[in-house]
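I'd like to ask you about the structure that follows.
Order of writing sets the chain letters: A, B, C and D. Residues in each chain are counted from 1.
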Amino acid sequence: MRYLPLTEADRRDMLAAIGAPSVDALFRDVPEVARRKDGLDLPPHQGELEVERALSAMAAKNVAAGSVPFFLGGGAYRHHVPAAVDHLIQRGEFLTSYTPYQPEVTQGTLQYLFEFQTQVALLTGMDVANASLYDGATATAEAVTMANRVTGRRRSVLSGSLHPHYREVVETLARFVGFRVDSQPLDPAGSEDLAALVDGETSCVVVQNPDFFGRVRDLRPLAEACHAKGALLVVVVTEIVSLGALTSPGEMGADIVAAEGQSIGNGLNFGGPYVGLFATRDRFVRQMPGRLVGQTVDAEGRRGWVLTLSTREQHIRREKATSNICTNSGLCTLAFTIHLSLLGEAGLTQLAAINHAKAAKLADRLAAIPGVTVLNDTFFNEFTVRLPRPAAGIVDALAARPIIAGVPVSRFASGHDDLLVLAVTETVTDADMDALVTALEESLR
Amino acid sequence: IEEPLIFEQGAEGRTGVDLPAPPAAADRLGGLARKGAIGLPGLSEPQVVRHYTRLSQKNFAIDSGLYPLGSCTMKHNPRLNERMARLPGFGDLHPLQPQATIQGALELMDQLAHWLKTLTGMPAVALSPAAGAHGELCGIMTIRAALEARGDMRQRILVPESAHGTNPATAAACGYAVESIPANARGRVDLEALKAKLDSGVAAIMLTNPNTCGLFESEIVEIAEAVHKAGAFFYCDGANFNAIVGRVRPADLGIDCMHINLHKTFSTPHGGGGPGSGPVVLAESLAPYAPLPWVVHGPDGFRLVEEADAASGTAGTIGRLKGFHGQMGMFVRALAYMMSHGGDGLRQVAEDAVLNANYLMAGLGDVLTASFEGPCMHEALFDDRFLKDTGVTTLDFAKAMIDEGYHPMTMYFPLVVHGALLMEPTETESKDSLDQFIAVIRALAERTRQPGAAEWFHEAPRYTPRRRLDETAAARKPQLRWRPPAVTQQAAE
Amino acid sequence: MRYLPLTEADRRDMLAAIGAPSVDALFRDVPEVARRKDGLDLPPHQGELEVERALSAMAAKNVAAGSVPFFLGGGAYRHHVPAAVDHLIQRGEFLTSYTPYQPEVTQGTLQYLFEFQTQVALLTGMDVANASLYDGATATAEAVTMANRVTGRRRSVLSGSLHPHYREVVETLARFVGFRVDSQPLDPAGSEDLAALVDGETSCVVVQNPDFFGRVRDLRPLAEACHAKGALLVVVVTEIVSLGALTSPGEMGADIVAAEGQSIGNGLNFGGPYVGLFATRDRFVRQMPGRLVGQTVDAEGRRGWVLTLSTREQHIRREKATSNICTNSGLCTLAFTIHLSLLGEAGLTQLAAINHAKAAKLADRLAAIPGVTVLNDTFFNEFTVRLPRPAAGIVDALAARPIIAGVPVSRFASGHDDLLVLAVTETVTDADMDALVTALEESLR
Amino acid sequence: IEEPLIFEQGAEGRTGVDLPAPPAAADRLGGLARKGAIGLPGLSEPQVVRHYTRLSQKNFAIDSGLYPLGSCTMKHNPRLNERMARLPGFGDLHPLQPQATIQGALELMDQLAHWLKTLTGMPAVALSPAAGAHGELCGIMTIRAALEARGDMRQRILVPESAHGTNPATAAACGYAVESIPANARGRVDLEALKAKLDSGVAAIMLTNPNTCGLFESEIVEIAEAVHKAGAFFYCDGANFNAIVGRVRPADLGIDCMHINLHKTFSTPHGGGGPGSGPVVLAESLAPYAPLPWVVHGPDGFRLVEEADAASGTAGTIGRLKGFHGQMGMFVRALAYMMSHGGDGLRQVAEDAVLNANYLMAGLGDVLTASFEGPCMHEALFDDRFLKDTGVTTLDFAKAMIDEGYHPMTMYFPLVVHGALLMEPTETESKDSLDQFIAVIRALAERTRQPGAAEWFHEAPRYTPRRRLDETAAARKPQLRWRPPAVTQQAAE
């Protein structure tokens, strides 16, 4: 048992020191009915080599994104993460430490969280950001409940171009917490009029930008409509790299930004762990969920950092807390912060430009295929095409070649069988695009 | 050595990445191209590597020493698990890929579910919750859904005084009124007080077992019976499952629903505060309400069910709790951990964790003040009676431990004892390590009785990158982000 | 330029501070004829993604050992290295530090080298070991020159069952340093009588155990013969894991042990970097090559470690040094030490037992194939078979299946075309053996 | 915190690995099975991880701060290179695999050779030397082989006073007598003194350029001419190639042979003292003598030539210098580094390295005492005149730097100046970093003039895991390994 340092001799000596006749005696408070004398029906311990072999065999049954031409987005994006990021987050001092409750010996964690909060605030154009939530979807749900708290209202309007998973998570919460959600129908045409839906009972409107179909929206009119009725505008961003190229939600009048940070620093990981970004205006800070790091001074007057405003949190306020959240995405946050530090202003804006230009290139190439139309006038690195046949079948056929062509909208809702959402990042090569175009042409023949 | 913020180290135009020029193409941003600068600093790779290396050196971690933070299970994190989570077939897999290309991932989720179900004796598990508190939310929602399905709109949830803060917060988040149950003199739930509160308005009890005093709820079977008799559900906070894994199956205790912190019992790294993972095991009565997605066996292998639908038996689901399918990276690590230990090793984990805690209790019982009579489970709870009249507080004592090279234990929790010191050594500490720790704590305990002790302890820690930090100032006028000096100056004027 | 922190503005400011008109001015001492105004004919800088792609494409043209049934040894062995080893050696404090010349800030390196020296001494059964050399072959050459220094003689006898590369490295050195080497012909039969070759001019006999063909030898008679004539016995070990099962060279009378440590902690790496182990008797320590760490105390009397006996070394003694060696295999040494710490007494002996038992199993299975004979009566985890046809052709044919079947002796010397040396470690599965046996049977049909 | 040796932490039967039981089989060890125990300690994985983590925390490294060790080129080590070296196609490749299965590896070696040849202007390169000193051995052997081939048995090698110790040691190891050439007042080789020694008995000169004073040998073309006129070869120690890479090709200086420390110029990690890699570039006249193996293009792709043989043109080879084919792991890292920088970036490397050193020189020239005039190359050399009458030695000064958070520069080398301080910042330090360093050194230099300075400096370092260590005691009675306490006790009696 390579992880267990006690030897049989240690165990004997320790039982003697405790004065217990056996380990069983230490479990004497367990009711007789629940004491398992025999082992469970599970395999015995195995060495590293054996475990590695078994798990590698499972992994080999999957098609890794990097091994094929790959055009999937839909809330998770394949970007290149510099090697230094993974190297640094694996340092034991980061990997194996806990929530920084003891600031004197966790200044490392606290300082990077402070840097993270600043980066997120800058990116989103907001005043202040927290130290992360689980992911973009749960951050969106927290944004809605926060808007309810801030406004004292209990009706929120969700755009039909919000990522369907995000919508569903908000709806689940609404059902059990007991607030009202007006979810608009899926809106590939971009014709919904959200401003018209805002009324005096509305706590917030939730809108995604770029939206689920990839469309870029000018949110300023909507922000004005919300504010005119005392409602908040919640802006969701699933592809945070887009903010290297686009006007920030803050500039367009957002009151809360809930975003998925996976694109920076974090791998696809089959959907998790990811990192939920959450930013808002200074005046709402005491209604924010999640952990916050603040600057202060130590006993000798030196600058330092601590967890702060924890009177919002469950471990202090218990049932009166702003949220039950206790865990953040610490290590994913660190990866985000390191990657964004490496990128810097110049790197992020150039990365965004590359993503955009490559997506534009693919959009033009696909539009040239007979029977294929590109739905979007505007987009960042993701767009939607209408195919002459159901997209799901084509995606499955291309997967066998193997090309991962995108996500069919039918995966989330019926009635849009012919729509396919594709994303293009800096990792996509011209050869990848050639392969997709050729394969698509052939499958449409 | 002082380490400035990255914002104080940047220079314009410098970058830590080299990117090719973008292909020329007309902009499709619809007039919404960013106009001003973002304000991010430019650093080179050497600067970034050194910066975060230096920051890491200001942290204490399991890898640096004993980290006896009670209730947090700071055990060794095997590096094999990190390697496995980074296999391209897991780490570089998109959650929305076609099902034919993710069969190994679904198999892994199915395997993990199998282990969790076998270890708990429960028939179903929901994998998607992202953390313990998220698992609680999931559990309480399934309970509410089950009650609603039988038209039973109960309004209250009972929570012991000693519970983690997440328990009442979760209950409240789901719209329940929270009622506290007192502890008895033995540090357990007062069964009679509980029974007195149980009626047809109670939806559930949320109980941690072993509880946060490090004690097994010895009357738990009776509690379960009483709860079920009242038509309520029994939610268990599984944060302390480490103490009993392989030896006790929660199903055998009458529990209906329990979350499991993979980052505690199954050793996925705490990572400075996350990410965690909080799967929830469910009894037969709650299984139909499990959140989406479900992994099911189909004719062509494994299949993800993502939409509520009668055909797949998911019509009762509470719906989706999280984007995509759960904390896959943590699933891989946890399964690697389980397979490494096997059924036999996991049982040994519980035994050694309990043995280590009782050894601490035995080694410190005469100098500190144990709150309850022994034996404890995986953690040893002391209160601050031993500090009486010394002028030293629990906090002071903890800070003095830092200077001796240890991370403090959990303090002032659970709330049921005064000035609590809750120590959880975990099973991955050696006897040598515990002996050294005991010697240091004994010496510190003796020092509290010496002249000038109050002042000496109050000055601790001395040898850390920072001395005690002013938390009050931080909260009074929060500075939650860096701002350029010019702006700060303006603000100060 | 992601690795270069100076900005153009920095460069201007710095030139001004220096008082130089341009960077060119700083290079004014370079003769005009050698100043390159234009760039060299080399590609321009590239990002991580591009470099990773190019190198991954090269790597993909190789057949990684772990991806096929694999039976190659011959001085490099494929063992499973626990994940913790690579994790720890990549810590920046180990990876990016220099030779520990400043002991106050390199106690980490010094302590692990001291642990390493002790481990090597224990394994080899010798008194003392140095902090490593480049590899087993160069360590062997250093052993011979050291024997020359110790004995004042200039003739060494090399066994015909010494790894051919090791023999060649000694011969190269001998030619240029100017000492005599009697290399015995390749000796698959194990019939050479080395004791008879020792005379009063012999500084040392060099013999490998287990030898190149895998044979295990009792070296005690040879040690006696050497010592009787005033010569030293140099024992070479290419598979250090064997010492978990075998009587150590020290117990059999070796005066110097030169070994390859790759098997513990280090990957195959296509032949390097590896780690040369070098151990000897206390009385010869001042004639040892390479770095040595010794225990001492600091100004406050606390135990600590320093580089010591450096008066043997080139940076002090210059042309009078015992060797020109300056670099060791620091990081490989660390990997060795960590892996061996993980193994411990119980782990190493069990690992050796598994290797041995698996090799025995394969030997028996191959012996059962008509036309195939196993040459060795004794072996550890490597043995030689005689095939009815030239081994090289069979190896190439099997490589196409793909199975890496072993090393044909013809790779090193003519006249032994039918011999194939195979190694079996813990990483070989029963399925691997099945594949080899089947393929071999088929190719011999 | 004290960290015991692993031997002091072991327990019998404990292990950090889990291995299956070996299959049953009769022992084929010929009666030589090990009888006694080896004496290795048993530790669990958590203990081992913590032990080596803690040891690492006692080290200074580039990742922790400026490491201005002259002549060592302690520059940033990119992590991409570590990742590339670990690709299974490189890291998990056996050196004796069939050629068809190693084409990518041979292509990589060929590519690396191409870069090295282009950067140096030389027509051939030997990749197998394992380190700089090994490369020197290779170079001097090829020179000797070339001389022997023309029947010219010269006996002497000329080496400047300022040379690295490896130069004379290598020459001596190859059986040559070593003669020293003095430096002139400008810190360069004294051309006239050199010419006076050059005769038909001289096999070669070994020169470092830029030299160890951080200066370019401005008369190097004249030196080369004189050497060649005498029928000797010009060996260049390429340790300082970092200063000129991309700007100056050694071939254009008349050099016949030069080793290149991949771990310096091309940033493979120093790793606490190794492994290194020291390829040697060779002029046309020396190329036929290059050591085995050679990578050649064959009809079926790349091929390794491993035996001397007229058909492949390798008949003249000096033979094999190392097991297998060289430090492949370092080749991958170096090529990744070269490709990342490109031709343009490498030129910038040299420029920034030289700029940084001159900036240090300018920033410190008035408080320390520079040994020579004029722009330096990649390192700044000072001597100890500034310490005159202070009672502070170069060593003391260096140890005081440690307490300020810096690794000392190289001390007492080169030998041509008194109490040398040789500082090499490298191109991967930022201006901010240098400014901070300059400020600290200036303050220290001022402090040497203050009362009590001698004592204060002599007590440094104070804040390190250990204070100054007694090196004399270590050498007088060497303890080179741990022994169990009982044995130690016996020995002490």
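What we mean here is this: a residue touches a chain if its C-beta (ideal position, glycine included) is under 8 Å from a C-beta of that chain, and two chains touch if they have at least 3 such contacts.
All figures in this text were calculated on a predicted structure; none of them were measured in a lab.
Visitor: Tell me which of A-D and C-D has more C-beta pairs in contact.
Guide: Ranking A-D and C-D by C-beta contacts puts C-D first.
Visitor: Go ahead and note the Å separation of the Cα centroids belonging to chain B and chain C.
Guide: About 46 Å, centre to centre.
Visitor: What is the distance, in whole Å, between the centres of chain C and chain D, each centre taken as the mean of its C-alpha atoms?
Guide: Spacing between the chain centres: roughly 19 Å.
Visitor: Can you work out the whole-Å distance between the CA centroids of chain B and chain D?
Guide: 47
Visitor: Can you list the chain A residues in contact with two or more other chains?
Guide: Answer for chain A, listing residues that touch two or more other chains: 1-5, 10, 45-48, 50, 52, 82-84, 86-87, 90-92, 342, 426.
Visitor: Give me the residues of chain D that touch two or more other chains.
Guide: Answer for chain D, listing residues that touch two or more other chains: 12-20, 42-47, 49, 53, 57, 62-64, 76, 78-80, 82-83, 340, 428-430.
Visitor: How are the chains arranged in terms of who touches whom: line, ring, star, complete or other?
Guide: Topology of touching chains reads as complete, every chain touching all others.
Visitor: Which positions of chain C touch chain B when the two form their complex?
Guide: That would be residues 1-5, 7-10, 45-48, 50, 82-84, 86-87, 92 of chain C.
Visitor: Flag every residue of chain D that touches chain B in the complex, lowest number first.
Guide: 1, 9, 18, 44-47, 49-50, 53-54, 57, 62-65, 75-76, 78-79, 340, 405, 428-430, 432
Visitor: Using the touch definition from the top, list the residues of chain A that touch chain C in their complex.
Guide: Contact set of chain A toward chain C: 2, 48-49, 52, 80, 82-83, 87, 90-92, 342, 426-427.
Visitor: Chain A touches which residues of chain D in the complex?
Guide: Within the complex, chain D touches chain A at residues 11-20, 42-47, 49, 53, 78-80, 82-83.
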